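Please see the structure below; I have some questions.
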Amino acid sequence: MTDEQLRVAVVGAGIMGTDHIERLATRTKGAMVAAIVEPDGSRAAAASALAPDAAVHARIEEALDAGGVDAVLIATPGPFHKAVLLPALEAGLAVLCEKPLAPTVEEALEVLEAEQRLPAPRIQVGFMRRFDAEYAALESLVRSGDAGELLLLHCAHRNPSVADTYTESMTITDSVVHELDVVPWLAGAGIGAIEVRAGRRNRASRFADPQLVLLELENGVLADVEISVNAGFGYQVTTEAVFERGVAEIGRAAGPIRAQDGRVGVAEHRSYTTRFAAAYDTEVQRWVDAARRGGIDGPSAWDGYRVAVASAAGVEAQRTGRRVEVAPQQAPAFYRP
Amino acid sequence: MTDEQLRVAVVGAGIMGTDHIERLATRTKGAMVAAIVEPDGSRAAAASALAPDAAVHARIEEALDAGGVDAVLIATPGPFHKAVLLPALEAGLAVLCEKPLAPTVEEALEVLEAEQRLPAPRIQVGFMRRFDAEYAALESLVRSGDAGELLLLHCAHRNPSVADTYTESMTITDSVVHELDVVPWLAGAGIGAIEVRAGRRNRASRFADPQLVLLELENGVLADVEISVNAGFGYQVTTEAVFERGVAEIGRAAGPIRAQDGRVGVAEHRSYTTRFAAAYDTEVQRWVDAARRGGIDGPSAWDGYRVAVASAAGVEAQRTGRRVEVAPQQAPAFYRP
Amino acid sequence: MTDEQLRVAVVGAGIMGTDHIERLATRTKGAMVAAIVEPDGSRAAAASALAPDAAVHARIEEALDAGGVDAVLIATPGPFHKAVLLPALEAGLAVLCEKPLAPTVEEALEVLEAEQRLPAPRIQVGFMRRFDAEYAALESLVRSGDAGELLLLHCAHRNPSVADTYTESMTITDSVVHELDVVPWLAGAGIGAIEVRAGRRNRASRFADPQLVLLELENGVLADVEISVNAGFGYQVTTEAVFERGVAEIGRAAGPIRAQDGRVGVAEHRSYTTRFAAAYDTEVQRWVDAARRGGIDGPSAWDGYRVAVASAAGVEAQRTGRRVEVAPQQAPAFYRP
Amino acid sequence: MTDEQLRVAVVGAGIMGTDHIERLATRTKGAMVAAIVEPDGSRAAAASALAPDAAVHARIEEALDAGGVDAVLIATPGPFHKAVLLPALEAGLAVLCEKPLAPTVEEALEVLEAEQRLPAPRIQVGFMRRFDAEYAALESLVRSGDAGELLLLHCAHRNPSVADTYTESMTITDSVVHELDVVPWLAGAGIGAIEVRAGRRNRASRFADPQLVLLELENGVLADVEISVNAGFGYQVTTEAVFERGVAEIGRAAGPIRAQDGRVGVAEHRSYTTRFAAAYDTEVQRWVDAARRGGIDGPSAWDGYRVAVASAAGVEAQRTGRRVEVAPQQAPAFYRP
């Protein structure tokens, strides 16, 4: 049933792209890696070993010209997203674009504009947390009203360490960006204002770390987000949701409980690759299923734009120490559900 | 790439078979439901809706005669397994046979004999627990020796309730049968003897329940298995493994922690369908991957035969109240890894 | 050994005072209830049944005049504390004063002045959390440096409900007042500034609830405190401490784990009386032991004064929505350890 | 109020006796250490430092002759219990006797006979687990019927290590002896039969370890007890109770949850001294309170005798590998509640 398999061009064969190639080649039902787009020859060769039948190209335009591609999965660094998104939209292909949609609000708007020339949204943005089983359960709990209305969210986002190239503003644009998507999604309201606080610095850090990010949502829900990128002990992403009649927490480590050496407990994740492994699988499967039907099933480019707006406000808040209001445009009818 | 997709005939479209059809049709990479074999017309029709391109047959022979089938997934009741296994082996197809391999030791031996006429094992038996992430982690811990040698296993297997057709001996042949596979797999040794105890009966039960099953493994490891099939509160399958230098437990419920109504905790499973959902997916994916390479990747027919021997001993132990020795034949070279 | 038992006058026989009378009469080693001071006749009579040998007085002066009292435990409402503290200090007696030391900074200063006329501090303030085993363990962890330096504290303080007489400012003066003592104690630094945020209101509340209180400590540690006084589900006081190399949490409910009705978990506390029962016992025992040696062993009047300053700032922050700096005087030598 | 303080002679100033002296001297309300009976001079001197006003004697008879003693707390090794119990009973004193009541059934019967010459029971036996908050909560749950009837008990009793003088039979007489008291207490029925199994031996052990002890109670409840005395990782005493409609577990470690070094969990106990610290305090306080009223409030000498019978049967079961029936005499009216 070749004609029914979604033929995906994966753009970017770094860690993330290679992971997606392996996923599409071995686990995602109904999809195949038709092309790998990667200018770096050795990366392209390594990725190609995972999907031997895929064509290899150095540039997206080549892949599109060669044909035989139904969809594009973009896993390049953010600054290169627009250059892939625009021709992919032009070709009318389905797109899964790793977060962020674009590094600036301006670029995000440019992408929105291009997409709106199509009959319907084709871009899904890779905020994979929405596909994590616990986040999804928490979102269902909010929607159900079983514990009353949602009032507060306490989030923690802890990385064991970051690369030398990671800078202070990336705590917002690269890390908290996930909360900038998932908090409004959980709360059912956009971000109205953002503040960033830093206190005592972890001596393992080159910049302010940890930081406390305060989000005011348009429906009154408050969220605090601890971002720690030198946490050392493990990779931990938790949310505690305070409702009118109860509290729910997600992100506690699970797995075999070991009693050894005087302690009893479970292993913590060390990386997003294990913490969100199932979420990535679900995200990609649902995108493929939707793309084969001509739609998307997850965060849209509009969601990506809103995150870009909040992210820019967050960087300003971080730089100035002030509360910064977040004022995205109204969603056009094109993006309304 | 039609030629690369494993074309599976699913035999039996009851609850389990329908579940497998849905899995193969929507989640399993590299497989398609080529045929559905089900004599009951309305069941066949319902299942067919999940895999519209699949041919529908009333008998396995018809499906085999029609061709276009690479593999058979058997999900009929156990008494009908042999009648599907023998022609499937004759046709040289890959087989995933739901547990148990066969309802009697004699039938199991007959199947082994037929399989040994092939160049290599083609039957994988559906003991899905080996594919559960926690069981797999526990097995790794045993193999690693990180906590010393394994000494004891404490298992609990609790069902909220059972159908009216479920009888006392089915506690062994239908329920504990899973432990009869997974305990030797964890311990790395066969079952040498089995005893069954019953004490105070749950008033919700028509027969002895709960029961305590004691297993002596050939390497000295002891295992106790509580089987409760009227536990009411949920579906719970746990194992506590005692090592020389530590203890490890699996099967504790995970997921969002809710504090509400004066209690703090998580939801328990209500059925094996959620508890082992991921295990079934993994099992079938790994079987498909192996079948496409011409092999198996999980419990073999020999494992299925050993379980049949232990299961028969268990039923005798249950009936007589005595310790019954378990003496399977030596594994022929054909089945040795 | 009558002469060795600390003869305590308990002032105030409301819920808290009665609880202390019962504790002193039945559990506290080395102390006896020598007098009960309570103007309300029926309360006095009820309390007297728990300590039949105690003299009963309507006013503290009568109790002091009658003699036979070594120490005073003050459990009246805060506005009446000063009127008991001053004559008790005048008489040179040991004092355990329930929190807060005084309702205003001015009254607290007046008490400090009176106490400094004595050779050494005699007032211990009843911030019992410091005597809770988990708080104490967390404080030890901070002191030990085993997880690196303390960086952040996330606190939650949840009451199922409050009385009709409870007002919005009491969220600070009556509830968060505990965190205003224990956060600086844990962090090893005073509070430098305080802010209060309110978002979406619990519909069960007459005033802003929940609220988020942000504390900046003088050593850079940040603390966020969620105060919810209509939480419904239970009484929960938790702290998550973020260190340079790890995270520690206290206040998670413990006790028998029950699996029933589809859920697995433990009972949550419903009131401070059970959550901190052992802490109160420890607090009073250690105060009695210290009082018999002529000293105190817990929060001093100076600590009580600092909390009064922070509390006043908190009420202002709550009223104005602004960040308010907290500037207590320097501790006089008299109060330095 | 000297005349109201229970004047206790503590017999035996080893680890356990010294612990009790410290408890009585500093924490137990309404009691004082009036005498220390210890033939070893240096031990006596060390203990005396904790209770300077206590008289010191080498033999119980001297202490009794000297007078001024209301009660005796026996903390000598078991073989010496009878020699203290008989004169203490003769003197009509209240007794708290550390477990076991006596090392043999014969001696236990001799003690029972002596006690029955008094108007009412005066001996309480030191099975402290009944005073542990979690055991007590579990017992309440059994009594309440909230989860239906109790059906099974799964117990684990794990010691990190034992002294060189500890022998195989002591696993029963010294360790499982606690379960021989507490299991019937929880289940509300006596032990009818006992079996002992040993499997693969922990290489850290000089004798069979771990062992599995199976108890059949007279009301049909079954209990399995894992005894491990070389568990290494910590001191752990757990019970999982299976009811008709739910399961309850006690003994899971509590306390601060630490995330560090890739793991998340709590500290396990290393010794009974911390695991049961509060239980010992409660036990002694309740014994003192009862003794001052002329009675006991905990396991009686009859309970101690029944444990001696079960313990002897357990040792025989261990030696022979056979199921041994346990047949204590009927409780005389003297001991019936």
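Lettered A, B, C and D in written order, each chain numbered from 1.
Quick note on the criterion: contacts are C-beta pairs under 8 Å (C-beta built on N, C-alpha and C of every residue); 3 or more make two chains touch, one makes a residue touch a chain.
Nothing here was measured: the structure is a model prediction, and the numbers come from that model.
K.L.:
Of the chain pairs B-D and A-B, which one is connected by the greater count of C-beta contacts?
P.N.:
Pair with the higher count of C-beta contacts: B-D.
K.L.:
Farthest chain from chain A, comparing Cα centres?
P.N.:
Max centre-to-centre separation from chain A belongs to D.
K.L.:
Return the distance between the CA-based centres of chain A and chain B, expressed in whole Å.
P.N.:
Between these chains, centre-to-centre, one finds 37 Å.
K.L.:
So how far apart, in whole Å, are chain B and chain D when each is placed at the average of its C-alpha atoms?
P.N.:
Distance between chain centres, rounded to whole Å: 45 Å.
K.L.:
Would you give the residues of chain D that are in contact with at least 2 other chains, written as numbers and ranges?
P.N.:
233, 236, 245-247, 252, 257, 259-261, in rising order.
K.L.:
Taking the complex as given, what residues does chain C use to touch chain D?
P.N.:
Residues in contact with chain D: 1-2, 5, 26-29, 32, 53, 133-134, 137-138, 141, 147, 245-250, 252, 254-261, 278, 285, 289.
K.L.:
Given the complex with chain A, which residues does chain D contribute to the contact?
P.N.:
These residues of chain D touch chain A: 233-234, 236, 252-253, 257, 259-268, 270.
K.L.:
What residues on chain D touch chain B, complex-wise?
P.N.:
Interface residues on chain D, with respect to chain B: 148-152, 154, 156, 158, 197, 199-204, 210, 212, 214, 216-217, 219-222, 224, 226, 228, 230-233, 236, 240, 242, 244-247.
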